[in-house]
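Given below, in the form of structure tokens, are the structures.
In the two assemblies presented below, chain A is common to both, partnered first by chain B and then by chain C.
And then the complex of A and B:
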């Protein structure tokens, strides 16, 4: 509750800052201090201190797991805003409004980590996505940004409609919005309400797949990620996506039993098509930004493994994967922001002119590809292990590993451009502080590559 | 057939026919006018379900305010009927197949559920759709989503300001 209330209040404060305080630097500082307060308040709840404590009538359930994920989201947002403060300020003097939207998104994310009711799921998802539509169209003079925002808005509202239809069906079958263990099981000889419950769950499944950009519901992703300003793409592809996954897992960990064998079939289909589309199409991209959009689809395929079955590997793995993937993606987009163009050629010869920047970029790419010694390796390991623990067929694991190998190809194209192709990289000026923040992210990834359990050890103590 | 059933079928027929007309009329203004008719038919259904407050709100908000906005936008943009872009055949075909499968699913759901057939809506208490019980539910059981949805509107407002600013 603390996180939801405090993030809303901070959003309101940032809103007033937009006309009270003119200095961009002060606004940035206020946002960072606000995030710090948010982290503290969330940690306070983790230790049993509340701003207000009342009966939510089964709407929200605050577990240690959800609260801990909140903390991680806020920390990653802190790093993100610390890194991108200057870039956010570039948009027409309204940085404070954007910070307000970030806080509202975090409010949505903290609802999604603690909802216990399908109504709250709906409100959480909407609070998460409406600010995103605006952030996508933040670059008002750029036609691509406008197009992306409109596309995202139309498709997003449509998918929300499907989500609501699914929730209605579930309500019709069970008579409640609560996320309890399904009363109706396939083994009970398929009672009539079972059909409606299954249809509802499948509709919710489709809508959630849209929100986390899993194939075959991924068509908006490349256009929106490409059209949106790079700073906001970086936020969209990381924290928002991870929050969507947490919600996704919460619903289907308790409800997947109602679908019986259909669930495994449908999920396997979605996983394989996501991995296929994401990885294969990414190979043929000429723009780094578009390649990263497809790679984020492919990473979503890996994150879907956590849905396969309930196990401690899935629970820990999704946290590790979210953190590692978010850090690496924020880093690589951070480098991309400083490029004058988005093509692979822009990175030519980066290792000669800016060796440190080229090195951290390599770490981010290694982590995304899942090379050992970076966090990405253990993230992928945990996800594959969760698949195994849930009793998936070996063929699915082998397919996943094959596609992970394909992903190495397109990530290494960038490494090759930086180290083995001569040329002059076309870059904006990179401040020292910026490079060192990127280096810090890279070091965090290396630490996670050596000691992955530091992320989720805290869950148990 | 009692009066309820006659009303139900009449309203359903009206809703379906006007919904189809929304899709097939060439002139966008006509589409919007048909959509208003759809909302009226659905409001009629709400009254049959004893949800009077919802019916009135549906007419005021959807058939009234939102449709007027729609018409404003249409007229401001000056949409001509001959300017309407034509979709390719295969896009239309995909749409028909996808929509048709979904329709099949819904029909199958209703057909399978023999317990649904021939049953009227459960009406425990005549006052269930009035403002008083609704307010009570909103401020006791559903107070958390009710209050949190204000964050949603706030973020939408901030967004409108950002997009509207020069």
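And then the complex of A and C:
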């Protein structure tokens, strides 16, 4: 509750900041301070202190799990804004507007971690999405950015429509918006109602797949990620996606039973096609940014494992995966921002000219590929374990690891460009502070690679 | 105590990153590797305590390091290899040599970890970590086609180890307390079919690493394209990871599934031995020749282990060590030749005996060991292994036996081309002998003959492992 209220207030404050405060630096600082306040207020609620407390009539349910995830999201956003302050300021002299949008997105994310009612899900998703449409089109003079924003807006609205239709069906079948244990068991009720309920759930499933860019609902992802300004792609691919996943899991952990066996079938299909599309297409990309877009689809395939069944591995794993994936992605996009072009060739010889930057990039890539000693390994391990614990066959796990091996192809292409190909990387000026922030992210990933449990230990006490 | 096998190389490797002077870097690396060797010798002949601390409480995985005879013999081999490699190649010029050496030491740490780990997840961790520095070593300092070849090597082994990861995950789910310890794995509650599945998952990883025919295609290319010091690490120690994995994990964990696959695996190994031997005969490149010869030897060891006969396993245990020493010697000679003549083609060599008699004598010594002549260390191991193969099936032993003849053909052919005949242009242009490298070779040759004449210490060392394995 605190997070939702405080983030909204901060968003409004940030919006008005652009009137009085002209200095980009000050706006950046205010945003960081705001985030700090947001983190504090959320931690306060974790310890039972509320800013305002009222009965939500079961619309929202604040669990330790959800609140804890909020904290992590805010922390990652903090790192993100800390890193990208200068870059955000480049687009407009009113960076405060963008910060305001970030706070609104965080508000949407906090609703998605705590909704207990399908209406709140809808509101959360909308609050999360609308600022994103604006951010995608932030580069006003760039045609690609405009195109991406329009595409994203149209497709996004369409998928929201599908979501609403699904919610309506569910309401029609059960007479309730609430997410209690299976709304309707296959044996209960009339067959007709059962069918409407299943149809509703599948529609919701499709819409959620769209939001987390899982195949076959991924078509917007490469264009939007590619067209949007890199700095906002970075945010879109991380926090927003992770929040979408948390919502996805919350719905289907309780509702999947209503679908019976169909659920496993549909989910396996989505998992395999997501892994297939993401990994295979990524191999053939010539632009690093597009490669990362497809890789983010592929990573979504792994995150979908957490939906397969309820287990402590899935619960802990999705947290670990979100954090590790977000950090690595923010890092790699952070490096990409400083490149003059997005091709693989731009990275040629980076190890010679900027060894530290090449090193951190390698850590990010290793983490995305799931190489041991980086957080990515345990993230993938937890996901595979959750799949097995949920009773999936070994064949699905084997398919998953085959694609994990494929992913090494395109991630290592960058490593090869940096270390083994000679050339002059075409880069913008990289300030020292920027490199050190990236190094900090890399160190965090290494720590998670040795002691992954630091992320979710606080869940339990 | 055991943790220092990891700490010494890792800490030195980190220090090396900041030493820009080549000679100083080289000396530091050699000093560290000698310290590790001293430690290894001490550990070999003494009782060593298990190192055990909590690591991942949520997953119930512990950081456990443990030694028995099998581990000791491989630790010793790793510890001997590194200083030998570093001293022999101390004069070689590499760009950014400190980083080169640093990565070599990281590899050593990874290898030590593989041989020491008594926890499956930890084992997997080191298994991968040993590979990463090698990937960079080969891709940066290797030959012309290095990038593609090394990548093939990397993908191959990475894919294999991912299968092992599934195996670990699978077994872990079936242990009583979801533990990763080797004891828990042995007592995992699996049905017969599940055991076969798990066996296959582990076996793929080990088979690729060794490699067993037909999964060997990465190896000759990788050996040829790697800088020779790395090739030495690869073929003297790293291939042993596969055999070690079989002896440490596969055999104790799935004795029944293991026995059920004896025929298939032994057959494949024998095919691989003959195949590699025939190809070795046709090679002109000295590095490729040694590479194929090494595939043949590893294949024999694998076949011997899979017979499940005590005598053959005993032979393989000894051969793990002996093969490492022999192949190390051959590689060092190949490296000297390449560095000093600038070619690897044996056509262009000849007359080494007249130009550098000491080196020629050493070459003959290691060549004899390579064909397992009596009095050399390889004879002991190979004799026992063929013995076991013969008990399993005389025909198989006969076919595998052809490889002895073939080994004699290609090895002696090499000696003849390199050492005898007219002095060729390239050999004539060789600078003064590399004293340090020759000293290393002499020490290695002494080990060859001492363990060949008196192998009892090796038997004693591996007795405990053998007993445990046979108890299954």
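Note that the second predicted complex is superposed on the first by the 455 of 461 C-alpha atoms of A that agree within 3 Å, B and C clash if a C-alpha of one lies under 4 Å from a C-alpha of the other, contacts with A are read in each partner's own complex, and residues count from 1 in each chain.
To be clear about the criterion, a residue touches a chain if its C-beta (ideal position, glycine included) is under 8 Å from a C-beta of that chain, and two chains touch if they have at least 3 such contacts.
This structure is a prediction, so every number in the text was calculated from the model and none was measured.
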{"item": "Superposition on chain A - do chain B and chain C clash or fit", "value": "fit"}
{"item": "Which partner, chain B or chain C, touches more chain A residues", "value": "B"}
{"item": "Touched partner set for A:419, first chain B, second chain C, both or neither", "value": "second"}
{"item": "Chain B versus chain C as contact partner of A:365, first or second or both or neither", "value": "neither"}
{"item": "Touched partner set for A:8, first chain B, second chain C, both or neither", "value": "first"}
{"item": "Contacts of A:231 with chain B and chain C, given as first, second, both or neither", "value": "neither"}
{"item": "Least C-alpha distance (whole Å) that remains between chain C and chain B when both complexes are overlaid", "value": "38"}
{"item": "Intersection of chain A interface sets (partners chain B, chain C)", "value": "none"}
{"item": "Sites on chain B touched by chain A in the complex", "value": "105, 108-109, 112-116, 140-145, 148-149, 151-152, 154-156, 158-159, 161-163, 165"}
{"item": "Residues on chain C engaged by chain A in the complex (per definition of touch)", "value": "56-59, 124-125, 128-129, 132, 136, 139-140, 146-147, 151, 154-155, 158-159, 162-163, 165-166, 169-170, 172-173, 197"}
{"item": "In the complex with chain B, residue positions of chain A that touch it", "value": "4, 8, 11-12, 15, 56-57, 59-60, 92, 94, 97-98, 100-101, 104, 107-108, 111, 117, 119-120, 123, 126-127, 130-131, 133-134, 137-138, 140, 192-193, 195-196, 199"}
{"item": "Touching residues (chain side chain A, partner chain C) in the complex", "value": "316, 366, 371-373, 381, 384-385, 388-389, 394, 397-398, 401-402, 404-405, 408-409, 412, 416, 419-420, 451-453, 456-457"}
